[in-house]
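Some notes on the structure that comes next.
Residue numbering begins at 1 within each chain, and the chains themselves are lettered A, B, C and D in the order written.
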Amino acid sequence: MRYSAFKVFMQGLTGNKGWKPVWREPEPKPEYDIIIIGAGGHGLSTAYYLAKEFGLTNIAVLEKGWLGSGNIGRNTTIIRSNYMLPGNEPFYEFSLKLWEDLEQDFNYNAMVSQRSILNLFHSDAQRDAFVRRGNAMFLAGADAELADEAQLRRELPFLDFDNARFPVKGGLYQRRGGTVRHDAVAWGYARGADSRGVDIIQNCEVTGIDVENGAVRGVQTSRGAIRARKVAMCVAGSSGRVAAMAGMRLPIESHVLQAFVSEGLKPVLPGVITFGAGHFYVSQSDKGGLVFGGDIDGYNSYAQRGNLPVVEDVAEGGMAIMPMIGRARLLRSWGGIMDMSMDGSPFIDKTHIDGLYFNGGWCYGGFKATPASGYCYAHLLARDVPHPTATEMRLDRFKRGHLIDEKGQGNQPNLH
Amino acid sequence: MIINHPLLGPRDAAEFIYLGDASLIDRPGWEDPDADEKFYEYGYLRDNPAGAHQELWYHEQGDRSWLVVTRNTLSHEITNVELARDVAKSRGRDR
Amino acid sequence: MPEFSLVSTPPLSGTDLTFGDSRVTSPADLAIVSFALPLGGESAAKTAIKSAYGVAVPDVGKSVVAKDEQARLVRLSVDQGFVIFTHDTPDAERVVAAAIKGKAYTTDQTDVWCALEISGPSCRRALERICPIDLHPDAFAVGDAARTTMEHLGTLIIRTDEHTFLLLSASSSAGSFLHAVETSFQNVM
Amino acid sequence: MSQVNRINGGLIDRSKVLNFSFNGRNMQGHPGDTLVSALLANGQTLVGRSFKYHRPRGILTAGSEEPNALVHLRSGAHQEPNTRATVTELFDGLTATSQNHRGSLEHDLMAITDFASPFLSAGFYYKTFMWPKAFWEKVYEPAIRKSAGLGRLSMKDDPDRYDKGFLHCDLLVIGAGAAGLSAALTAARSGARVILADEDFTPGGRLNSETLSVENMAGQDWARMTVAELASMPNVRLMTRTTVYGAYDHGTYGALERCTDHLATSDGKPRQVLWRIYSKRTVLAAGATERPIAFGNNDRPGIMMAGAVRTYVNRYGVAPGRDVAVFTNNDDGWRTAADLVARGVNVTTIIDSRDAPAVMNIAGVRHIRATAVMDTVGRKGLKSVTLTSGQVVPCDCLAVSGGWNPNVHLTCHQRGRPEWRDDICAFVPGGPLPVGMAVAGAANGSMTLGAALAEGHAQATAQLDALGVKAKGDAPTAEDEPRACAAFWHVKESTKRAWVDQQNDVTVKDIKLANHEGFRSVELLKRYTTMGMATDQGKTSNIAGLAILAEASGKTIPEVGTTIFRPPYTPVPLGALAGRCRGEDFRPYRLTPSHKWAEENGATFVEVGNWLRAQWFARPGEKGWRDSVDREALQTRQSVGICDVTTLGKIDVQGKDAAEFLNKVYANAFLKLPVGKVRYGLMLREDGICYDDGTTARMAENHFVMTTTTANAVLVFRRLEFARQCLWPGLDVHLISTTDGWAQFAVAGPNSRSLLRKVIDEDHDISNEAFPFMGCGEVTVCGGMPARLFRISFSGELAFEIAVPARYGNSMMDVLMEAGQEFDAVPYGTEALGVMRIEKGHAAGNELNGQTTALNLGLGGMVSKKKDCIGQTLSQRPEMNRDDAIRLVGFRPVDRARKLIAGSHFITHGDDATMSNDQGWMTSVAFSPSLDHSIGLGFIKRGHERMGEIVRAVSPVHDTEMDVEIVSAHFIDPEGERLRA
């Protein structure tokens, strides 16, 4: 069923009785060409692009809970491609370009809103680093704009310019950055994959990965064994747990990242703003809630909830940079589990087991990568060679000494 | 979170800095024949269990001791706290 | 006669504030020397300290007043502690090293810290606003000491009497530290 | 018109009148009133507009679960959006305005959306607004954003102050209703340290709203008496106006105390205090929330929860209507009718969905059984209700009771998942509760007063027992009132829209549509329809919503389950969560010992981490910072300059094995450093990347003084402690920071020795022979003052660093400047320091950025292959040692008049400016007054082999590029003759 304003209008006239289910609820078949473990954003987009771009549709996406229940359903919705390193930036720019055409592509309004993202800087050294980054973005075909204090005073008069502990000296904009209605991304991809024949199987937990003679043969699930010659892990946050079923240890730790939303407010923020002297970034949703976050809690956790010190740290950053939000109230906080990798960058790669593929290690940057991650993973699954923008996202890079460390924090995951 | 420090009693985890898996104590020998491989595994690979996890915390705003805390990563329940120095010694580390 | 002379201007010097029933002052000429117990030489060091001060090295998290009441020993960690005493010349480290006959490694900490003594019945209510440590007398008795953080500042707090606390924090951030303590009192008055 | 609906009784003080205004209309109330009770007293039942359809809305509840009666409280910078008027304590001078309407509250132009509702079904926006593509940001979204949102921020800085604090207790009791008071009393009498917290300003919970008796006295009186006893006990901290909003790990709770929100002004005191409560044990006695029933047009002003109606009558002495009808599925609803009749309020009808006889006989009230309300009339105020029987019942207030939901929220903040109990048609706490928590009273499904009191006592007794404290006393007693309930969620006969989530305008139809479209998990339902995502977090809507989903999907309610309850229980202002940490108090300031001197001598300061450092010292007549910086750098190179370098980290390293320890943590060798010598040390991370650098001086055989960079002082200390305790615990080595203890000054320039000779006491020989480059030692200055002297140079000139105890630092700066007068000594700041270090090619933060190796920095030779050190093995990985690795070199503009740009990328001539052609980047630039042109440092592939090559330095963010020449990073005195002079 194709969605359109006309369809909404006609359905409205007839009591909204003619809408079709957005996806089927199929029973698992005994065998597929490809099994994707995890119906989160990346898993669903992988299935979508496999079907749409690579013509492969005999695919099952297995989901332990409900579709979109991973980090696609609990993030702060930001898209951007303001990376710096050659192993990253072309990939994220590819992703941003996919975002820009996404809604027309999958006929679902995910509210891709290029409202801009701004990273504030507070020192000359930070400015130098942002200039380096902005220039790298240009070299990769992305956009960047350096703003000085005077410009920011005009555009964002509510920032604390005059009483700040760390005065704002300027910022790096990416005007094409912005936000997306995160759940709708999962639904749009799910709908697009389902309509092309992909089986999305919810409430189907993978309990084992079958390997024979170094090659994958299928998976065991809470709904029985399912065979496949290709199995694609796509469970960021739980990568360690799933990879352990195949006997793998990963360069990843699972950490909790909290996120926050305020009560609904009339529009106050134009785009995404990131404070450069503390842990705070914020945007405002179309419903009016300020959606904000900061740093991870910092300890290994699979608990999807955090603790007070980070809540307070984030609020302190918020009040330091925009003291007009003091009377806005935190409505809800939640936690997501992040695959924190050893250099802060992800993996889209084959594993040492034939037919077993790995996608993970997205740290807290996975949402913006959803389209490109799915596309590149589909490329790898379909053709067995990496997509040109994802050639560096290899599991063996640490052994080789090829680090993609944007923040320069080294092999300590909780610092990325 | 509250960490029950073996010498100081319960303290808010906010006083501590987290490092990671307590296997970081087991630094390989640099002259081992397969030192490259061992250091790679030491530096980069983690068990990352969903369950009991032995991990290193540093009491920076306290007595500056490194602790080995056994904590469940699903429930956050802490079942054991030891001085890392004692753990390191018991694992044969010396000088 | 040297051509130039140096004047001492310790941070917070002369602080004397009253908040209702409580007072905040900066003790004058407070000298602080750290001692570290050598690995393998712990008992020799402890013996030397005991003979110098007439009291045993306290347990971690405790402090004790020297027999002659002229110094306070604070045990900060397994192998480290402070001797805190009144002394007005910049040779405190040598004084302590001599007293303990060099049996522990000593470092002058006098200028690393700034100090506030806060006393009076309202102290606990004010400290409640910045100090995460439970200061109920059952949980933090006279002589107890704890390093913790207050308003992002590392702080050593020692209960020296029922309603008296000695607070030490980094000397470079003395102004922010005083501001934090002062604000706490103002907020509960 | 004044207080037309005020009746007798209640816990209000009629002797005082409080004036307030709503939408500019002046009204009066009394102490003890909430804004809503006072509005009701004044006959104001229309209070706001809903989120999506802008429906006229009144008052649904009398508590913090309120979805409708949200207002802007106060005005100007104090304006507080989305404030629940039901729990806003009335004060004299209160002003409030309604929100979310264009035009007046009565005539909201946006109400047109209500008529377009057939086209605005759940999730309609996902299916449209996609064409043309560019219209989303420009047309559709701005319109949606403008009409969405609720209240409005003032856009002005929050003028109030906030504070935080820490509390500790044996037993935390959350909620001061019957169960909570019973628990707190039990614990308090036993001598335990108790905190009793309640969100209300008058403790007592439902006791204040009911006419039930405890211990043979009126419940209101028993509550007052009990509270008085608790307040008098030294081991009890009674916290009213305090919401415990979150249960965190290991018995830590977040609580918000509203200190001055009930006053006209804060008077300089913190408006709110955010408490972190550390409890050994907790009794949650958070009560229960009454839930509505969904029927056609059930959202009209005048339709209210039955329990709330009792609250307004019994607690506030206000009649919410003249002619009241009751619609209930349970016994409790009947008490509303009984209480109202007892107060002389006219109750016409009780409509009970159950086919059961009357629960009680209430004179003059008609009982209609096995019937439900199907529709209502009265857009801005209820006029009548239509029953499933077709009968029309005129009324201006309909009291609805769909049963009560235990407030299980805090039990679920960790891993708890509620369990369904059929007998009370509600979820009760289930799964693992937060450590140390027990639940009592209605929150635990013990719905009658007698049971609540008994359970409060029992849970407190058990909790004390676990702490080894013997409980004293017996449970207070009360009769158990009738509480039978029969599940009844929505009226199927209704053809009109029936609201489930009133604030977000989610109706029964929306839920059915979501289910039909495949959004069958309760989490998907929530996300698709937005049910429960409004400011009330679905306190009155979620359970009915999932019951309707269960029905639609053919599952049972427990199969559907609940969404996850997340903190906070009620919304918490961001100002409170930040406390004092805003503006200049965001983080502490660290000041250098000579800060005062610098302030008095024209310094401009710059933030370096938490430090404030002098950036330059302007002199009269200088036109800009460059004038000052050029002068400082030139004068230092020509004569002598002085810079406070105290901020560098200093670590005292002592022990028999100190040298061996340093040899392990530095990449270069330290074992054989002689006493009296300083060595530059390079520290790697274990992954082989450069981490920090600095100089370390051997003051004695077993005593070293290490310096670190300013930025890494704390981090290096932490890593050293890790190495000491976890890697090599057998080494005798001890660490203590002395950063703040010594005021340290760089004295640099050809005249530095001459200057220092005037300050350092004569018995110390600092000639080049006696005190050569990289020498160190203890000296005395100014007649016996102990000091440390280091012959080290960052500027490349003959230079020393001299340290005195920090308390003499400000004076030392004076002395050095005075002694330097004859040499025209200048103080210099971080800018001149930076200029001189770039002139010398020294790496600093921009180069030691955590991404670069010793090889990249041209320091590869420093990493000893002959010994183990942190980072040694992994630094040898192949891709970190590629032939085409980036190298740190110098750059100068081909056109010397041009200014280099830090952050430019290098592109080989003839190549396009693309990422695949990227050769490296410029890390640091400065204007060199000695060379009279711009100079830079940067990383470029194979840089050391490309001396003299001209490359493009492109900076598209500046829309510029220039040709630059690769040169040695040592722009000045490459042989290092000056520093050895």
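The rule we apply is simple: contacts are C-beta pairs under 8 Å (C-beta built on N, C-alpha and C of every residue); 3 or more make two chains touch, one makes a residue touch a chain.
Predicted model only: the values in this text are computed from it and were never measured.
Set against one another, C-D and B-D show the most C-beta pairs in contact at C-D. Inter-chain spacing, taken between the CA centroids of chain B and chain C, is 30 Å. Centre-to-centre, using mean CA coordinates, chain B is 28 Å away from chain D. Residue positions of chain C touching 2 or more other chains, listed in rising order: 80, 132. Multi-chain contact residues of chain B (touching two or more other chains) are listed as 1, 12, 14, 19, 40, 43, 60, 64-65, 74-76, 83, 85.
Of all residues in chain D, those touching 2 or more other chains are 164, 248-249, 252, 276, 278, 414-415, 581, 585, 587, 589, 657, 686-687, 730-731, 874, 877, listed in ascending order. Interchain contacts give a graph that is no line, ring or star and is not complete, per the touch definition above.
Here chain B touches chain C in the complex through residues 7-9, 11-12, 14-15, 60-65, 83, 85, going by the rule given at the top.
Listing the residues of chain B that touch chain D in their complex gives 1-2, 10, 12, 17, 19, 24-25, 27-31, 35-36, 39-40, 42-43, 56, 58, 60, 64-66, 74-78, 83-85, 88-89, 93-95. On the chain B side of its complex with chain A, the touching residues are 1, 12-14, 18-21, 40-41, 43-50, 53, 55, 71, 73-76.
Within the complex formed with chain A, the residues of chain D that make contact are 51, 78-82, 118-121, 124-131, 133, 136-137, 141, 144-146, 148-158, 160, 162, 164, 246, 248-249, 252, 254, 274, 276, 413-415, 509, 513, 516-519, 521, 523-524, 527-528, 530, 533-535, 537, 564, 566-568, 571-575, 577-579, 581-587, 589, 606-608, 685-689, 691, 845-846, 849-851, 874, 877-881, 901-905, 913-918, 921-924, 954-958. Put simply, chain D touches chain C in their complex at residues 161, 163-168, 193, 269-270, 273, 276, 278, 580-581, 585, 587-592, 596, 610-611, 646, 652, 654-657, 702-703, 730-734, 736-742, 758-759, 761, 781-783, 785-786, 804-808, 810-812, 815, 818-819.
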